[in-house]
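Please find the structures below.
The following pair of complexes shares a single chain, subunit A, combined with subunit B in the former and subunit C in the latter.
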Partner chain A sequence: MKAVVLDGLVLGLQFGLLGVGLTLVYGLGGVLNLAHGQLAVLGAMVVALRMDAGSPAVLAVLTGLAAAGAVGLLLDRTLLQAVYRRRGESRVLLGLLLMLGVAFMIEGFLVWRYPIESLRLRIGGDPVDILGVGMRTGSLLASAIAVGTGAALVVFFRLTPLGKAVRSVIQNEEGAQLCGVNPAMVRTLVLALSGVLAALVAITRSMTSPVPVDAGIDLTILALIVAVVGGLGSVSGAFLAGVLLGIVNTVSAHYIGTYVTTIVLLGAAAVTIVLRPSGLLGMGRE
Partner chain B sequence: MAEATTTEQPELPATTRPVATVGKATGSVVRAYAPIAVVGVLAALLPLHYGDSRSMMRLIIGGVLFAAYVVGFNVIFGSTGQLFLCVGALAGLGGYASAILSDRSGLPVVLALLVAGGLAAVVGGLLSWIAVSRSLGVIFTGIVTLAFSLAFHNLLLGQRDLTRGETGLVVDAGSDSFLGERVPPYYALLALVLAYLVIHRALQRSRVGWAFRALRDDEIAAELTGVDVKLYRVLAGVLGSAMIGLAGALYAHTEGFISPSTYAFGEVDVRVLVMLAFGGIGSLLGPVIGSAAFTALDEWLASSNEYRLIIYGAVIVVLFLGFPQGVAPSVHALVQRLRRRTSGARRRN
Partner chain C sequence: MLEVVELSAGYLGENIVHEVSFSVAEREVVALIGSNGAGKTTLFRAICGLLPPSRGTVVFDGGRITGRRAHAIARRGLAYVPADRHLFPDMAVSENLDLGAYPHRPARERRQLVFDLFPRLAERSRQAAGTLSGGEQQMLTVGRALMANPRLLLLDEPTTGLSPRLAAEAYAALGALRNHGLTILVAEQQVPLALQLADRGYVLEDGRIQLDGTAAELGQNPDVQRAYLGIA
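For the complex of A and B:
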């Protein structure tokens, strides 16, 4: 049981990181990034291809992160400009549909060119004993990266001027503008950041299990569930929801079965929307 | 379309008022239903040309099936703006319910079909009711219905006793009766689509159609003029879901084999969305135009299966970015504008 919960925690931290990227983009511009998982896989595939080409792992990882960030930035500067020009429901709908199209384009391209590629980072070292459970080094490193990134994000959003600018745009775009914050700049920055975070999730995930080229849809759906349960637009909510759902996931998969687990997670998202649309830590903003 | 709400006078009988759909505004019954008759005649002649080729008939049957799905989705999404991302799941609910009821319980096929349609209507109505009563926006309606879709797919895979999981289910009932050969199934599905189109047209011309247009143009204004927005949304949800469920069920019997991938999100919902966007959201014949165009495209892309996904993605992006009203209506509007360049026919949205 203890081992299962610890495994769930490791998974949950990754879930959290996955949700954060999606939740930030939605909070800022009202764009539900349905290509989030595909961006993550894109980053992971760049890493895998660089490593196949003989590049050292660290360099390959950095290239992968940069590539996903660059695609995020590119999307913001091109397609999403048309979305930001709209207001209300029509902005939300257009953003959702465009990113769905982008998701297919990325996934279609990757599966077409590299149908059997997958990323698996092998982290050496003996299992480390934690609370009497032998944890693999890969899991620990992945969790450490997730916790470190989460802490860095919290510091960034609470303490730095730029982070505060981002939060101000999430809370009130016009008010932020009046205070001299440029929402367009903030959005571009956050889309790039979200791409990097997505790729980071896929890369840390590959430390415990392989990430195949067609994992994008599953990752997007997980990100969506986590972001919804945590409250769209809430960073700490995403992490809380991620950890909770990660533990629920492994416990349920271990004791009940995998197919029920997926239904449980989806049900969690649906129930959250129906009972408390603002999520666990949302700000009541729809 | 925005003018329709401001000039609305609920006392007038529907027929004396212009019908603001694609095409010229006219109250004449003949002119209102003529397009459906034309589509019916043209489609009925297709087997004469392609009837010899089994693969072509298969393709065309698929196209007609999707036309039925898209009409149902159009009633829900096009008329009342509810983003139902569970077309495949509703069709699958109908398909599996009808197959299991008729094969296992020995229910007559016609009865099983009706039960299947009713079941889909109940589930769709429930989803719609949840969305409306919790006033979920487009995004949350999309997520809830998507969650339902994926959960349903997992349920199909998991309940192996009932559904046989991935292996799929052979549907015996119906194959030996009136749905036996290859061409009759085509006519069965075609009749269904034509019936759906007639229902949709009748709706558009009735009080309900006015309510739909009013609440789509401006929800608050509609509410203020006395349109029960919630009621009409749920009504659209029930009716559209029944159409989708019945189509999925009929297909199960004509095809004789169903599997979870027959009704998977990626197989059904994505295509339905693209087809409707191409044909024109909310328009009567948009579903027909869209499904015909993409069935042809599928045939054309048959040899290049690998990058079909890229093309679909690109089409979604281009369509929603460049032709928010759909390609067919845009072309139509262009022709109209060229014909009479006098008045500045500005079309918002």
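For the complex of A and C:
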């Protein structure tokens, strides 16, 4: 049981990182990024291809992160500008459809060009004893990266002027403008950041199990569940939801069976939404 | 300091403010008097860049700012304090103040100045802004605007929702700011308070400037007395 919960915690931190990007992009501009998982896979595939070409792992990972971030930035500066010009329902709808199209395009391209590619980062070393449970080095490194990144995000959002500026735009865009914050700049930055975070999740996942070229849709759905359960627009909510759902995921996979975990996850999400429509830590205002 | 020339602005192609011209000199306090719906807020939003004007020009501090975006105008030192406050409700009072200084880190002296002016904010600096009372939120909005050390303060109905006592306190704080040498343009329905503070004033009705003069002149004007001061 302890091992299962610990595994779930590791997975949950990754879920959290995956959900944070989605929740921030939605909070800032009302765009539900349905290509989130595909951006993650795009980053992972760049890593795999660079390593196939003989590049050292660290360099390949950095290239993959940068690639996902660059695509996020590009999407914001081009396609999404048309979305931001609209208001209300039509903005949400257009954003949804455009990003769904982007998801198909990214996944279609990758599957067409690299149909059997997958990323598997093998981390050597013997299992390490944590609380009496033997943890594989790969999953330890993956959780260390998730914890480190999560902590860095907390520092960024709580303590730096730019991080506070991001939160201010989510809470009141006009108020932020009156303080000298440029919402367009903040949105571009956050879409790039969410791309990097998504790719980071796919890459760290590959330290414990392979990430195939068509994993995008699963990751997108996972990110959606985490963001909705945590409350769209809430960073800490996404992490809380990620950890809870990660534990639910591994516990149900262990005791019930892998084939029902998705159903259990969706069930947990549905129950949360019924009980708290704005999510665990949602703003509940909009 | 501020020169507005034949400015028109409105929503959905319909102007609410029509060819308004006025000016504010450095270190001057100017009152913009008008009833509800006269166009004060529309005029302010057009000046500070939240609403693109349909025609006319705005010159601030020697440079044309017409059509610039709000964040760029704010960074030039024009601070707008909206009547509906636009605070960040889930963030702490101190964080709201910090954002006022964006993109810089807030200077300690600046924060001290705001706390000296509004001691209540110091007491509640760790509380979420959304949990403050209406009067405290109003103080926070003014305080946030002051954090950037602005050259010009635009106040839209700073007494909205305040009791008469709190309104008088708010104006006392504004008087202290004027003594610091700050230039202020204040839109107000509570005309006696505004005219006590201001050097000059303009009367805005139906989106047009109908009258202007020194605060004393406006206070003596029979039309102003009848419409805004309750003197028959």
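The working rule: the second predicted complex is superposed on the first by the 284 of 286 C-alpha atoms of A that agree within 3 Å, B and C clash if a C-alpha of one lies under 4 Å from a C-alpha of the other, contacts with A are read in each partner's own complex, and residues count from 1 in each chain.
Just so we're on the same page, contacts are C-beta pairs under 8 Å (C-beta built on N, C-alpha and C of every residue); 3 or more make two chains touch, one makes a residue touch a chain.
Here the structure is a predicted model, which means the values were calculated and not measured.
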Overlay on subunit A: subunit C relative to subunit B, clash or fit: fit
Partner chain(s) touched by A:Cys179 [first = subunit B, second = subunit C, both, neither]: second
First, second, both or neither for A:Thr262, with subunit B first and subunit C second: first
First, second, both or neither for A:Gln171, with subunit B first and subunit C second: second
First (subunit B), second (subunit C), both or neither touched by A:Ser209: neither
Subunit A-centred angle between subunit C and subunit B, computed on Cα centres after superposition, in steps of 10 °: 90
Partner chain(s) touched by A:Gln81 [first = subunit B, second = subunit C, both, neither]: neither
Touching partner for A:Ala270 - first (subunit B), second (subunit C), both, neither: first
Subunit A: partner with more touched residues, subunit B or subunit C: B
Closest approach of subunit C to subunit B (Cα atoms, Å): 13
Intersection of subunit A interface sets (partners subunit B, subunit C): none
Residue ranges of subunit A touching subunit C (in the complex, touch as defined): 161-162, 164-165, 167-168, 171-172, 174-183, 283, 285
Residues of subunit B defined as touching subunit A within the complex: 81, 83, 130, 134, 136-140, 142-144, 146-148, 150-151, 154-155, 157-158, 266, 270, 273, 277, 306-317, 320-321, 324, 349
Contact footprint of subunit B on subunit A as seen in their complex: 32, 79, 82, 89-90, 92-94, 96-98, 100-109, 111-112, 115, 217, 221, 224-225, 228, 257, 259-260, 262-263, 266-267, 269-270, 273-274, 277, 286
Touching residues on subunit C, where the partner in the complex is subunit A: 48-50, 69-72, 74-75, 79-80, 82, 85-91, 95, 98-105, 144-145, 148
